[in-house]
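Shared chain: chain A. Partners: chain B in the first complex, chain C in the second.
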Partner chain A sequence: MSGTRKKALLKVIILGDSGVGKTSLMNQYVNRRFSNQYKATIGADFLTRDVNIDDRTVTLQIWDTAGQERFQSLGVAFYRGADCCVLAFDVTNAASFKSLDSWRDEFLIQASPRDPDHFPFVLLGNKVDLESQRAVSSKRAQSWCQTKGNIPYYEVSAKEALNVEAAFLAIARDALARESQETNDFPEFPDQIRLNPNQQNQQNSGCNC
Partner chain B sequence: MYENPGNTTDQEKFLDQAIRVVKAEAFEMKRCLDKGKTMDALKHALQMLNEMRTSELSPKFYYRLYMDSMHELQCLEVNLIQEYAQEPSKLGNLYECVQYASAIIPRLYLLVTIGGVFIKCGLGSRKEILKDLVEMCRGVQHPLRGLFLRNYLMQCTRSVLPDFPETEEMLATHNNSLPKGAQKLKPRDGTVEDTIDFVLINFAEMNKLWVRMQHQGPSKEREKREKDRLELRILVGTNLVRLAQLEALTEEMYVRDVLPSILEQIVSCRDTISQEYLMECVIQVFADEFHLATLNEFLNACGQLQQEVNIKILLIALVDRLALYTNSSIEGSPAPARMQLFEIFSEQATTLIKNRPDMPMDDIVALHVSLVSLAVKCYPDRLDYANMTFFGLRQVIEEKGITNIEAFGKVGRELTKLLNIPIDEYRNVLRLSELPEYIKVMNYFDYRGQCNIAAYMIQNMLEEETILRRQDDVDAAFSLIGSLLKDQDNQPENSYDTEEFTDEQNLVARLLHLIRADDVDSQFLLLNSARKVLGEGGPHRLRYTLPPIIFELYRLVLQFADMKEEDDKWDAKIRKMFVCAMGTIGALVSTAELAELPMKLYLNGAITADRVPFEDNHTVVYEFVSKALSILEDDVPESRDRIRCLQLTVGTLLKTTHLPGENWQSLANQAVFAAAKMFKKPDQVRSFITVASLYWHGKTIETNGEPLKDGKKVVDILRKAAKTSKECLEPLVQQQLFIQLLSAYTYYYEDNCSEINIDHIEELINRTKDNAVQLDISAEADSLEKQLEEAIRRLQLAKISVAAAQVVASRTEPDLPQPPSENEGL
Partner chain C sequence: MEEEVPGGSAEATDTGSEASFKVSQREIEDVEENLKNAEAIFEHLEQLPFQVFILSEFGKPIFVNNDRDEGEVVSLAALICAFVSRCQSWGDSLMSMTSQDNHIQFLHKSPLIFCVVSKYAEQLDQQLEVLFEQICSILSKSQLENVYKKKGDNYDLRKLLRGTDRLIDSSISSWRASPINLVDSSISAIPMNSSDREFLSTTMASCMGAAKLDGALFGIMIARRQIAAIVRFKKYVIHPRDLNILINLVSDTTLKTDSQNWVPICLPRFNDTGFFYAYISYPWCNKDQDIPACLVLLSVKRDHFDGLKEVRQQIVTKLENNAKFFTNFSQAVKTPNLYQISQIGSNSESLWSFLYLNHSSRQVCMSASKIPLITRTERWMARCEMRRSSALSTRHPHLRTLFVRGTKHCLFVWVTDLFSLYCIFGPFVTAAVSFQVVEKLLKSLKSHEQRYFIINTTSF
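On to the complex of A and B.
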């Protein structure tokens, strides 16, 4: 997939417990907006934003996902093809930090990237504006990151737009660097089997829709 | 419906095949894009999208195929935008061209994609294109494929939906606020109202497809179809998310247009699965303020849903959400609607229950759980709200004629939750007495249920250290835990033998220690009145509940002990406390028919009385010890217990110092008598050895704190012991007794008991040695042999030290070890 002309599309997935601020983080980054109201997300949805990295324009496709399992009734097929996985937790909520392991494991199992040990993850600790209610220290988060192969960690606040820009820029850089290494996590080159597409579909029952 | 449901492996196979085609075509598509051959790329895209026409895949597998295809379409879109952003006019060709694709699924996916590119490139009327697209999608009426296509439409158009009313000024402000590199907005047509229409149409269409799905295919596969439908629900719900995400959607619009339209769709579809899910979606995705503004409308709609819809879940979800919200917004200005929130819910719940006579009782109780939770958490000062809710529930229970609700049944579990809420939230069980309806509801429980709640209350009181300070407090607490205090009509027969009964009575016992009045007089009154109530508990409860009262009385005596100066009736009051304690212990003997426990309590009382120098305290000591002795005499049949009880009595007597000699003698004589009356000879011997210490270490008022050291009496008793041990016929046992006696003699000899004749001891040693030779070889004999050696060695040492002491007769006596018996105080 050479050709510098082609614009890169990078898929980024945000995962984390319900209420840690996944939607807010995405909204802050893409739309520069923040709302205090809590609205649950259902299923998975994305927004895109173009960023310039070293004179190259990259389209970041940021997937915001439902933290509540019951809102993922169709499964997590959207994990597939991700270039980077952002794990988010709420620094004022220790339980959301404890869930990180299971989010990470779940992603690796479901997305099954080719090289799981080196798949790019980024950890975001959100709501640092509520410093007085903090329940997870920066040190604790950092040491978790170390045990997971030095995942980069950012303390952010979607509410105050603190560090959000920098974090996503780093995420884009990470994902892009990975793509240019040509070690695609999800092999894109098709097998050499050419199927005759007509053969399959003509046999379907009458309806042509 | 997919025609061949197959199993998972089959599905995997189909999916694999389809994805392989998608990849191959996507690869070709991208190559064409790289080469600038857009038309060819579109042809490959159409080929790729052909796979979406499949009927073989179940929703989850189709979703995976959809995700992969959509990813490729995104690449196409990014490329097309880059390609045509400069000369958008050429886009028209593409749009035309794609229209000629023969199959509708690929055609519409591509049209949606290109429509999105049109809008993003600023071509054509945004409003018209969106309308066009949403109408065209009507062409697909197959539920599964239609739902996914429309989901794609929603996803593709998300970022271009008209959201705020765009004036040029606003646009400029918006663009300036965007981060560097973000796409700037150009002035475009359309308003948020257009978006609302667009999404609402899509929502209605998707819901119809979704509802219709259940009617397609044979009825025997209905269950499977329902499962599929449940999986597909998020696609329909996404429309509501999209509406909720609109920045320009005001509360007014929501109240006037959006919610009525959504509710109409939900109510009119008359489908249980759809109604249940979509109502919950509305609750979850829209902001709290919107809910507060539309409570009545929403709850009204709830009343119009199908009978099978689980309204309970919906109401609970809403109440819980708003409870959380109103609770957290307390710091700020309270929302005006907050005031009525409870009333509205309460009223709606009542109507709902009336209109749904088939509503299961557990659901009704669960509804009240939410209401009470709302009342207690958001209106902590409005006890009437909570009380009203309990009253409402009681009425329903009464109407339905329900009694004796099983503790662990469906209803019982909900009822437990309900009754626990105020306990947990108030953190002060006494406040429950301000909810007169609470206890009435609790009384509908069966025996176990009532006990469980009562036990939970006590645990809470212990954790929170809820002090019972006044008579009202004690009365309130006792009436709440009444089921634990005396026999109940609905109590099962074997209940006394259960572990729960023991645990609960122990809790009651612990609760009694929370009785703590501000002054001694009131405390005495509280204990007295508590005792009166507990006294009705019957023998099985008394054994747990009376001892803490007695201990509290003793504690009170000690607390009062150094307040003599402050109270001129001090002596009389203390005496009264002991009288009360004595009466209470008496109940343990007469009603509970216990022996050892009351005996210990008497002895404990004797020691307590001996420590406090009130007038004639020795009469109390005497009375308590003599009561203990008479229990020993009459009510302790088991030898082993008798020995232990005698030891306790001797220990107690050794601790008292205030008995006049005459009284003391009479008690000591009783003890010797009790020793002589032991059933087995060896027990007599050991008991003699024990009581002998009384005459050596005992103290009376006359001895002024000095031990009696009545050597003659000690020797007398030891002689009796020796005589009795000789009558013992088992050689091993006899040998044991001899050695014990030898130790005792040595002990007193060493302690300068002059009455002890050393020849007498020598004779005993000889006898013991002779005995040893005759013993059969055994481990026990071996061990006795060693003990004997040790006893003799000790005697030798004693002789040396006594001789040395006689030499330095002027020396004061060193501290002595305790006698070798097990006499200990309580």
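On to the complex of A and C.
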């Protein structure tokens, strides 16, 4: 196994208000299951799924965090190291749409990615199966995306498995493209040992027994 | 205690393809398969005697042992990261958890997290330290600390470690297989006549010295994971932990050819910021002969390849030219003449196995296997007993002597400032008799000291 090209691994974090359907989206995507019952996520859930993109298999490590405020101090480790951030809102809930700005800001502060202006976000508007109760129009969501540097927007339904696959495929494809831009992985061995005369006398000093 | 199989068992291979389905496929079978496989992986993990995880502190898996693919434990890695970072956010650090017979040990060395889940509780913290140093030997600590700053927190460190899985794997297996070697940062010497060892050391030292290569510091002859001789520049010292990293490196089967290798390697106990360059050769592993001795010459200068190649040739020629030495040396390396308990003399029949550790030289001498500890399982049992005794004496530093009578065997432990001795006796021995045998053993070891230990490290 060693020496062969490893499957790429992408850390994907999903953020949004409590009840917008983050866990349902994950469950639909990973396990293809949907439940009408609402169960708040405690802390975070971790899910895995492989996707094939142009003959490459990519493993998505999906961090499904709790939307409730009392769980929001989960620490920087949750945000940092992410390859992509999925923002989710409920199209029938205008407040969840208004929170997107603060979720995005929170992410950028906590994760402090190297290039915050071009960090890959994706916006998912969930529950489009409840069209009659819609409170946020597709146009409104799209124009928000434009102001944030053309974030891709998908209208999805976890319940009806609508667009969920396509959205995550786009996420994986985008992150993979960024990853392949980094070509220089050649290990460097720049540091020469500078010999220190004191080292001559350290008789087994490193031993901690 | 059940047998532990280093490097995993045979059934570890067939649960691998968790989710290689196409995105477009939506058949329900795939879903079932996906869930079933995920469960199968956890079930399998639960049965393993131990499992090691290395991940970035942001939760991306980097390495898992037992020939598994990191892709299978992606969610688990995130969970480990969550545990560790949560405790960290409380200003605390998570060290271990125990659940029934599973012992889980954590080590957070930014930017990495190490975790081992094991059925054995002994010295897991030490094992994780050894693993950390193994990673450092490949990248150096400073490069490891900088890589995420340079490439971003989402960097996949497996790209830099590509091809080194087997080194990490063999480091884990050898740690698991040895009773106390790595744990106690010790080495063992290959048994040799003192005059032969002397000739070997002085030859290596004189050739290294004569070359006048500024920065060439150490020469080591290794065979069967044991040291035949070690020479050094002036008073520079190489730590046994670093020696074990080298032993692990040269034991990699891909190096065992008549070719020469030039490998950058960081020896973290010596210096964790820079690299040594190791000239590695098996001078007598070729079509004509098969003497498994490996000569390692270490320099801090990357342009010393040709110089050390020359040194190697001189050493080899001089050793071969001394026919008497060379015959003895080949013999000692091919069929090591380990310490036989019968050497102790009368009454030694009741002693089945011993392990002696000299504290000042950090060298170990273990008895040759004898009845009834002959088979793999029996020897494994003996190693487990010694490992447990060793863990016990580490936990209770005031403990000096210990005699434990068991139904199958008796244990005798003796720890002084100078040495630790772990013995397995037959079940019918008394404490008084075992003490007499041990005293004779110590005398015998003292009189054959130069044969079983490297007493002087020759300088050049």
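Operating definition for what follows: the second predicted complex is superposed on the first by the 174 of 209 C-alpha atoms of A that agree within 3 Å, B and C clash if a C-alpha of one lies under 4 Å from a C-alpha of the other, contacts with A are read in each partner's own complex, and residues count from 1 in each chain.
Throughout what follows, a residue touches a chain if its C-beta (ideal position, glycine included) is under 8 Å from a C-beta of that chain, and two chains touch if they have at least 3 such contacts.
Predicted model only: the values in this text are computed from it and were never measured.
Visitor: Look at A:G81 in the shared chain and tell me whether it touches chain B only, chain C only, both, or neither; answer first, second, both or neither.
Guide: In the superposition, A:G81 touches chain B and chain C alike.
Visitor: Have a look at where A:D54 lands relative to chain B and chain C in the superposition and call it first, second, both or neither.
Guide: Neither partner.
Visitor: Figure out whether A:R32 sits in contact with chain B (first) or chain C (second), or with both, or with neither.
Guide: Both chain B and chain C are touched by A:R32.
Visitor: Is A:R114 contacted by the first partner chain B, the second partner chain C, both or neither?
Guide: A:R114 contacts chain C only, not chain B.
Visitor: After the superposition on A, what does A:F46 contact: first (chain B), second (chain C), both or neither?
Guide: A:F46 sits against chain B and chain C alike.
Visitor: Quick one: classify A:L9 as touching chain B (first), chain C (second), both or neither.
Guide: Both chain B and chain C are touched by A:L9.
Visitor: If you lay the two complexes on top of each other, which residues of chain A touch chain B in one and chain C in the other?
Guide: 1, 3, 6-7, 9, 11, 30, 32-33, 43, 46-52, 57, 59, 61, 73-75, 77-78, 80-81, 165, 188-189, 191, 193-195, 200-201, 204, 207-209
Visitor: For the complex, give me every residue of chain C touching chain A.
Guide: Chain C residues touching chain A: 18-24, 26, 28, 31, 34-35, 38, 56-61, 67, 69-71, 74-79, 81-82, 84-86, 88-89, 139-140, 142-143, 151-154, 156, 158-160, 162-166, 184-185, 215, 217, 234-237, 239-241, 264, 269-271, 273-276, 300-302, 359, 362.
Visitor: Flag every residue of chain B that touches chain A in the complex, lowest number first.
Guide: Residue positions touching the partner: 3, 17, 20-21, 23-25, 27, 30, 33-34, 47, 50-51, 53-55, 59-60, 63-64, 66-68, 71, 74-75, 78-79, 82, 102-105, 139-142, 145-146, 155, 158-159, 177-183, 230-235, 237-238, 240-241, 244-245, 247, 281, 284-289.
Visitor: Using the touch definition up top, name the residues of chain A that touch chain B in the complex.
Guide: 1, 3, 5-7, 9, 11, 29-30, 32-33, 35, 37-43, 45-52, 57, 59, 61, 66, 71-75, 77-78, 80-81, 165, 188-191, 193-195, 197, 200-201, 204-205, 207-209
Visitor: Taking the touch rule as given, give the residues of chain A at its contact with chain C in the complex, in rising order.
Guide: Checking each residue of chain A against chain C gives 1-3, 6-9, 11, 30-33, 43-44, 46-52, 57, 59, 61, 63, 73-78, 80-83, 111, 113-114, 165, 169, 179, 182, 185, 187-189, 191-195, 199-204, 206-209.
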